[in-house]
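Right, one structure below, let's go through it.
The chains carry the letters A, B, C and D, assigned in the order they are written, with residues numbered from 1 in each.
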Amino acid sequence: MKVKNLAKIDVKTVIVERKTVKLRKPVLIEGLPGIGLVGKLAAEHLLRELKAEKIADLYSPHFPHQVLMKKNGTIRMLKNKFYAWKNPKKDGHDLLILIGDVQPITSESQYEVCSVILDYFEKMGGKTMYTLGGYGIGKTSDKSRVFGCATHKEIIAEYKKHGLVFGETNGSIIGAAGLLLGLGKLRGMNGVCLMGETHGGYVDAKSAQHVLEVLAKIIDVKVSMVKLVERAKESEKFMKKMEKEAGKQKQVAEGGAQDEELSYIR
Amino acid sequence: MKVKNLAKIDVKTVIVERKTVKLRKPVLIEGLPGIGLVGKLAAEHLLRELKAEKIADLYSPHFPHQVLMKKNGTIRMLKNKFYAWKNPKKDGHDLLILIGDVQPITSESQYEVCSVILDYFEKMGGKTMYTLGGYGIGKTSDKSRVFGCATHKEIIAEYKKHGLVFGETNGSIIGAAGLLLGLGKLRGMNGVCLMGETHGGYVDAKSAQHVLEVLAKIIDVKVSMVKLVERAKESEKFMKKMEKEAGKQKQVAEGGAQDEELSYIR
Amino acid sequence: MKVKNLAKIDVKTVIVERKTVKLRKPVLIEGLPGIGLVGKLAAEHLLRELKAEKIADLYSPHFPHQVLMKKNGTIRMLKNKFYAWKNPKKDGHDLLILIGDVQPITSESQYEVCSVILDYFEKMGGKTMYTLGGYGIGKTSDKSRVFGCATHKEIIAEYKKHGLVFGETNGSIIGAAGLLLGLGKLRGMNGVCLMGETHGGYVDAKSAQHVLEVLAKIIDVKVSMVKLVERAKESEKFMKKMEKEAGKQKQVAEGGAQDEELSYIR
Amino acid sequence: MKVKNLAKIDVKTVIVERKTVKLRKPVLIEGLPGIGLVGKLAAEHLLRELKAEKIADLYSPHFPHQVLMKKNGTIRMLKNKFYAWKNPKKDGHDLLILIGDVQPITSESQYEVCSVILDYFEKMGGKTMYTLGGYGIGKTSDKSRVFGCATHKEIIAEYKKHGLVFGETNGSIIGAAGLLLGLGKLRGMNGVCLMGETHGGYVDAKSAQHVLEVLAKIIDVKVSMVKLVERAKESEKFMKKMEKEAGKQKQVAEGGAQDEELSYIR
């Protein structure tokens, strides 16, 4: 068997390009794991419906030091992934879609990973980002609103037209959905965080659908929602597994929880 | 919309100058969040009364990885801010006032942020610093003293004249209010920490007023206290919000508190 | 007494070569401490039976900041160790066996240490790795299976012949046993993690034996198991001591547990 | 007032030389805070009795981010300190004595600080180190033994002559007392850790005296013990204060213990 030397990672976050593509006025869409898995479900469904192509993987020493065991008997690293979609419309924006298994957990590592993502997007000539997430309200609601929060006042009016609700959220946006916009703004980029109203206490495919409906209008694509719920179930199952493994690592790190012998791994 | 590329931040603390000003014999006044919010209230009131102008923002990967959602529907990064005030008096000292949302939480990151601040101040030709804070005594007191602690024995007498009480505090000064003086002293700077006597268990606008009264004498400016209490309320409200968000991030980091599903964000 | 200047370590993980050997098509076998000590027992027994020779030590600032006191009145650093074994068979693979006292505890430091190990192995011209460990099932079992998880689908069939069971594990492989394969794969290497079915709650010499039996077939060597149980007891005793010391350090780090005075060490 | 620019510290551990001295065959004696304060008391008493001269300060971003308030109304940074003593005997060893307020708390920072210390000692031409500490046995004892643990087997016999007991300790030596020897050995240095038998639960001036008596024989100096108890009391008082302040910082870091408002400092 002949395999390629793809990357030498030590203590830096790196993006490994699997395919070099040239994107036209690319727009970044981020859907990493977060509240209610809303952003992740929306972004994953979008890329599957659009048949977007995976072009790069992001690996980071700030992700948990584990590899996942797949059903086919092989292992794989934890990572984030970039997918590209070429817009068939003349003068339309191509899409760069970011999904992944995990987000890093400390401030310093979030800043590093977001900076690496922005470097990559900047080099492609990107300017505009849509980050997707949930806005937990701690109860169920049948309003199904999708809230927006923008990098610049001047662009809000444009997004309101597509149904985004501005100025009715407070608090902060934690993680990549917020930091990509904040750090991107400092580099001269712009964008909006789309947050689906959600309970916050469970995986919410319905909220993901509402987010995706608004996003589809903004980026002017058609997206069938037929398979969304089914995919949401897969995704939930996977994340439950991730949670469990993260818990094990935490237990190990803290010196072996209940059973003393378990902690020999240190 | 055309926006500027202001800064590329990755894992370094950076100061982004919004305006280049030349300050004459500048004095640094620090009022970051601390005990009883005393320093923050005093510094914020001072800069508003003097109509000081914002000249720079400090961003750090050591601040929480969140962006704040503003009422107008936009986001903003957490940061510290520098304000400049030109002294109209001939031969008077100009002021460089430092306030902000947060202080970093680990020793290493406090050292880094304080060093970046001192580099900036040093480049401006600054020599003298006044750091503002509260001195918690765990009970209420009607003495309203303002304690001082200086970098050098030789300068104490001068400050005593303005009402600062020396030699009656013990323990340590935690965070930027102490470290700026300690690290600055090693660079050949000097200064005093002004600490308002306070309970320590609540936001104390009265103590902030006492600190500001002494500081005003030292830097020889007139400051009306009329709006101080009102501003203190705003500030308290903001910090309560910050606290709440910091708590959420901590919950996320620790793997999702009460409700398991909440922790998917990792 | 004349001693050599071997290494100057500060905040980097380093490998100190005690002897330079040229290995022929070397295969890396990793057996660091982990679940049930299965990998460690198997690797240690293998290297003693083969009379492999120690050629290098790995030191890391990410290991606990302690030195062990030996019975002969001397101290020694915590470390990982590399042993080399020259295969007498023409065209056989030489072995590079990695064992050690500890694994680092954070993601970032695991990535660093694994990268240093891979650099060393790569420089030797190595391509294939076998990492050894336990697969905890939370109960006793008399099936004595040895599970496998490979870097590439294409190599699974070959290993099945030797009795490895693929596709019946799920979850993740935590630590070096997983990360060496994951990071190695990105560099163009390949390999398999051999996991002995074990309870997970105690040191399991029987499981280590099963792992070693499969491994011996794969690498085509004969290994007597006579002394395995006896060595397992030594190893368990040593790890219990390590655990206890790690606990003390944790206590110190957290500010002195029960007895206040104890924490003066900080 | 004219002050010197002594040092620009950011995120590195640095040694600031106050005086350049040339030491003859210097021996390093380390007495940083540790179990029962035994090492600290012994080293401090030694340097005062010998009237050793302070020649350098060590500052580190890994020390707590606080400054101490002194009784005279000034602040000072936390630090470690080096004292030099010129041996009047022809062909005697000069001494470099290391004491300090704190030791860093994580492995990585202990490795960094110890490496900086060793660099400094190495540049001076030093080869031999005596690190001082307590050996906690969890109960009182009237045996008053002083245990030794050496870098090399070959040097044990020499130290036994002076009353050090070898081979009767087990476990590990945590912190600088162990790591200086371990890292120094890798650089070709040698040395012994002198551990006074002590309860471990209180400050033990008696044990410090026993350690010092043995050390005095080894380095061939006369030391009066008259003032040792009195100095031990001072030292204990100071360390109690340090403990209290460290506790406050920890409370702040963890988000404000009992009283919510207290945590505004972050």
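Following the convention adopted for this analysis, a contact is a pair of C-beta atoms (placed from the backbone, for glycine too) under 8 Å apart; a residue touches a chain by one contact, two chains touch by 3 or more.
Everything numeric in this text was worked out from a predicted model, so none of it was measured.
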- Message: Hop distance check: chain A to chain D, minimum number of steps through touching chains?
- Response: 2
- Where each step is a move between two chains that touch, what is the least number of such steps from chain B to chain C? 2
- When chain B is superposed on chain D by its C-alpha atoms, the rotation angle in degrees, nearest 5: 90
- Message: Looking only at residue numbers at the chain A/chain C interface, is the share used by both copies over half or under half? Answer same or different.
- Response: different
- Chain centres from averaged Cα atoms put chain A and chain B apart, in whole Å, by 35
- What are the residue numbers in chain A that touch two or more other chains? none
- Write out all the pairs of touching chains, ordered by chain label. A-B, A-C, B-D, C-D
- Message: Quick check on the complex: what are the chain C residues that touch chain A?
- Response: 33-37, 102-103, 105-108, 110-112, 115-116, 136, 148-156, 166-167, 169-175, 178-179, 181-183, 185-190, 193, 200-203, 239, 243, 246-247, 250
- Which chain C residues qualify as touching chain D in the complex? 1, 3-11, 16, 59, 61-69, 71-77, 109, 241, 244-245, 248-249, 252-253, 255, 259-266
